[in-house]
């Protein structure tokens, strides 16, 4: 097993360097629970195998963000998204609009936007358009319709995807966030609301999972705008 | 205890005939788990004590609705609300708008509307204005603003109160309904959404509790429109 | 409000006949809780407004299926999916593969397949390829890669989407089903597994919601195969 | 969108300065997750737009409370409520009695009382009248009846609203608090008790949501005491 | 094992006929899931071993109640409690007051009262004294104080034990009932309220478990009134 | 209200100094969330009103325990129970055996034992007799039978009360503890096990509530051993 | 795919006839949700492929049990286990003791015992040895020690595996059953208790899953008693 | 009780030194909640009674690991497993393969492997073979088949045991880990997936309970490879 070229064995991890061949997208470093040194080592390994396109590390601690900036000066560190990339972004094919309800949802929206760009689509970020002030949302209807896919981010009661889903027919990936208190249960209230949306054409990812929504939406957008 | 004039002992129940004196509103027959005969007996007792105003029985089975219609021909039987009243409605003071999201929410909205009328306010019923078609809601904005209190009824993701709460400043009582399937948990998803609404000025009652919302809203409306 | 041309008021329901203009897809009849007569009336109304493309009714009872077959002989009744359509299917653009784990998942898979066809894409149905016999799944890898979007249906532990997501890069919509017993909680175990998948690029819909998955996936497939 | 006069774009947030026109009450700063500098900036913006009436910031950290006191010396800082206001309180119309069960409920009761005053009603605070010593509650019955609306705050088993609801007919907004331990689940036990109250005329807000209860109750009280 | 005199092997069950020697109280027939014939056979066996004192069968179906009445004419059948006894009640030592909140709680209260009598104490039944009408409860304070133990039965918000616990110092066993709807979860709301009571000296049994409360309370009462 | 002799108003709390008259037992200081100074002030107030018997403060922080020891040198500080008493213990009437499963349950058992002594009964403490080593439990059967009431403390699977309940007929108050990890949910697993015990005659208190179990059990024991 | 010899395509199901080769045990018919005709067809197919050893169908309805008995007279129908087998039992290697707590657990214990025999081990069934009468369990200690693996079946508080695990060192598979009421949640209370057992060496299967426990235990027993 | 030779009373704990005689395996120190001094004292006591075989302490804090290394230099400290042993490992009989899905599962896998060795079997550790890269798992199929028992460790969606269970017939003990975020609920999602696995022959232990899985699997492996 040790010599399988599809696996890069770093001792503390066995990286799946074959994933891009199978699925079109390289493996990503999930930073939670990893030391800064481990994050940097895996990023370097992935970058060596995929020098032509950006590789991504998410869920980085303050300490990891700082060490990545120091050790990998060519890396792109996104403090809001708590993530970093190494290597050039691929050319964008198709556009994903990232729509968020409130200012507290910004980190999740930023993680989604960065993931979209790493995975080869453009991101159009539209923030602070929650349902308690509908005029803010109605004003951007054109951008919602122009996108190839939507990532809609909301905490608390999670109503935004339903309202968007009644306005336009673009495919919607809803991301519940852990914003809230009391009986919001760290995002469960928003997650349930999104799963039970009365508007059709809405799918959902896990709480705060901007990365997963971004990967999925980029894949949809890329297919909608094939290489000429 | 047996001779306490504040209690009417029917053998199978000891009715609190003092409640109207203490709280301004008579006791109500909660029909679930009671036989048609018991419902009729309590309705008669309450009517004797309060001949000048309608008394109410809720959550009646098909059988109870039929027997009430037969045994108490002067009663008003509301099949949609699964409820019945005996005696004249009091003069209405103030108005409550009852707003519901979908056709499946009709029984809860009807229970709320009837409870409002029994408790001395007018009910303006606005149905089928869910958030997946916002134009239906925006078209009735004037009626929402004209009311003294709103009862907003919705199942599934329960987003309607948040949207209404962003449009007008009228006090809102939100009623989650058990409409839905899968991870809606018999109305829990809608209940949580309403408790976590991003719009201020919203309070919530139990799932399918049109009666409780109606009593509360009628009290608010009556106070907003005092007797000249 | 009564004369709004965007609403067809049938007395018991106010149908949103404007939805196709806004979102590209017509409203659908959700049959649960509606009488056969109501289902037929709404189907007819929607068909009149959209004669050129099939309209859909889902979650039909045995009785409703039978009455639709009798009253609307031109309707297409799908007993496995518990659904019916009226009008010709639109020309298919793009393909969605519907992959299911076990025989008990068949009704949900059928609802998804029918919804895909009604919403303008082709459906390639692949059944009974659960993870306890991986050879069945590996044998259809080409069909998974050829599709523009995947709908993956599974109950019990809901592991199938994760395994598929490790094999191909096609966007995956996972549908948990209520198949199971004991601590499966009517599909909650599968739902949670899918939300927590270790494979990226997976989104989820509510339990047993083949319809929602189908609408979403058809929209993705249509965008991937635009009209020449 | 950038020039919409209904929105004040501060870079990190887009404040809905149109809300007072739509709903009669200005937007409020929800301090959780915001830096002290952000809180102060939004407070200043709201104060500029609404100089004639107090604007409110809630859920402030110790640090934010201190910095508000330093940077905005004209602000009113309420340490128990963990909140601050800027600008003069509006003239009070109507009265809300804030009733709490135990000393641990004081912060939530204080947040409710401050929110009531900011939103234009008077607050009559009645503390430490839990149901395990009924004489304390019976002694204040007159004040309960004199109010236009009640906010009833309780943790643990959340029984106080039911007992109050049996004594008087004033509309009751119940606020569960996260006071308790073991199987109280951070206030869920009290929340469920209040939703299931056997006394009619009770509505509920989210756990610890003194602000929401205060806004709602002030709106009810204002309507009950219209301007002459 | 077959010849162990402490066990009566009936084929379908191995009855623990040694329990009275160990614990002072004979085994009881839990009727749920047993056929009428099985119930009767076990009752007879227990009666033969303990002819001097009543033996008890609980949770009997309609059919089992009828067959017991026919096959064991000397049995005492209690239709409200859905239970039956065979043999003479023991002489009562001490008194347990059984206090219930509403008429729907009657079956659980009746099961508790019968269990108390079978286990050798007197039962003083006080019904329909819910907290929404406190005067009914205050009127019976003397009986609460005179008892050796209290069994307090309530559904919905389960507030009654807390109020009783603030009035008297008698030990209280609280019994939540499955009375309610919506977010009452079949008695969970009342169970949590009772576990979180702010009044000390309250213990709790499972939902609808009048039998368990009765056995426990009878043991307490017997000890408080020893044989002279 | 201010001059009600039944209430001692300390500004930050209104102490119910009438409780001993009503229920036989004085109010207790629940230390969680209170400052050391508040704890000491309430202890002093209660001690002045009840100089002849110990008063109790529970759930004290490390800091509060230290300050009580310094400021009230005559107080009895119990570090294991995290509690303190002021004044002489009353003469003990009756005995409660406190039985615990493991060493981690010691703080809850100690709180129960101290509460028993403060409330006028003797405590016989039996530790570390979990069901995975039955010989330890069988060896103390005499002490279990000799007690007037049992308090049985266990975490993890909470099986100890069921086994004890099969051995002796003494009334059992079960206390689940938050000892455990994974799917023990902070004591919920043990709580559910105890509520569902197959042995009759068992009641339950909230998780970690040694105090409540102690008060209840002392009341039972006192009644079983009346003053001659 | 259609001609894959590892799959038997019956139209309504694609049976994995390769499983015995891969795992040593043939596929089993899970009868829930299948028609009697489907059950019989799959049983026949499996029997043809594996004529030398019994094949199994579980979770059969009353109707399916009857039709199997009629259509497959050579089948062995076990009414208690709600299961049927076709073909001769394999020679038993090793022994599994199936231990159950109460009479209501009999169906699950029977399903386990039958599954053990089908999968090649002997089953020693020990019923009705719940923890509320320990003498019944202690009397069979020799049989517990003699077995190669134990399947311990219990509902309600699920304490039996912990007690057995303290007595002997035989590997224990615990099976929670849905026996109970109130806060037992259909077996969840027992499941949690078993997962949190204080005795080491215990593993758990899903609620009522006697089949899964039987397969696992038979595999363990077979390995402990290899063919000479 | 004090002189029972089966118990070693250390004051703060009463160690069950009879367990090895009853069950074949000595008691283990569960380090959570114990001071380093207590851990060392119990380890020493157990080592004195069982000098011929290693004794184990698990769930050790950083501080405890350090003090054990200092005070017991002959101890074996395993930092990844957060555990320590004292005394020589017994000769291994049989082999358990420990299979884990991701790098974050390493501590649980290490605890399992160490527990297996302490309890007398060999451990073959196979890491980082999650289902999103099936080739990694298929490459080690021979080792899975060669083992006497498998311990399969996975977090997130917990799919690995189902896939392994479809590949080989070796008995599988599944260990869910608390790896994940959002709606993974600290391992509950993986736990439910494992309990609901579609592959037969899988049992489950509590979340993160590598120790329990290891003890069980070692017992199975030892029986499969008896002493000649």
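Brief remarks on what is shown
Letters are used for the chains, namely A, B, C, D, E, F, G and H, taken in the order the chains are written, and counting of residues starts over at 1 for each.
Note that a contact is a pair of C-beta atoms (placed from the backbone, for glycine too) under 8 Å apart; a residue touches a chain by one contact, two chains touch by 3 or more.
Note that the structure is a prediction, hence the values are computed from the model and not measured.
Counted as hops between touching chains, the shortest connection from chain A to chain F is 2.
Farthest from chain C in terms of Cα centroid separation is F. Because chain D and chain F carry the same sequence, their contact can be compared by residue number, and under half of the numbers here are used by both.
Remark: chain C and chain F have CA centroids separated by 58 Å (rounded to whole angstrom). Taking each chain's centre as the average of its CA atoms, chain E and chain F sit 26 Å apart.
A straight line joining the Cα centres of chain A and chain G is 45 Å long.
In chain H, the residues that touch at least two other chains are 19, 132-133, 165-167, 182-184, 188, 191, 195-196, 206. Every pair of chains in contact is given here: A-B, A-C, A-D, A-H, B-C, B-D, B-E, C-G, C-H, D-E, D-F, E-F, E-G, F-G, F-H, G-H. The touching residues of chain G, when paired with chain F in their complex, are 101-102, 130-134, 156-159, 162-163, 165-167, 180, 182-185, 188-190, 192-199.
Residues of chain F touching chain D in their complex: 1, 4, 6-7, 12-14, 16, 18-19, 32-34, 178, 186-188, 191, 206-209.
Note for the complex: chain E touches chain F at residues 19, 22-25, 28, 148-149, 165-173, 191, 195-196, 200-206, 211-213, 215-216, 219-220, 223-224, 226. Across the interface of their complex, chain A is touched by residues 103-104, 127-128, 132-133, 135-136, 139-140, 179, 181-184 of chain H.
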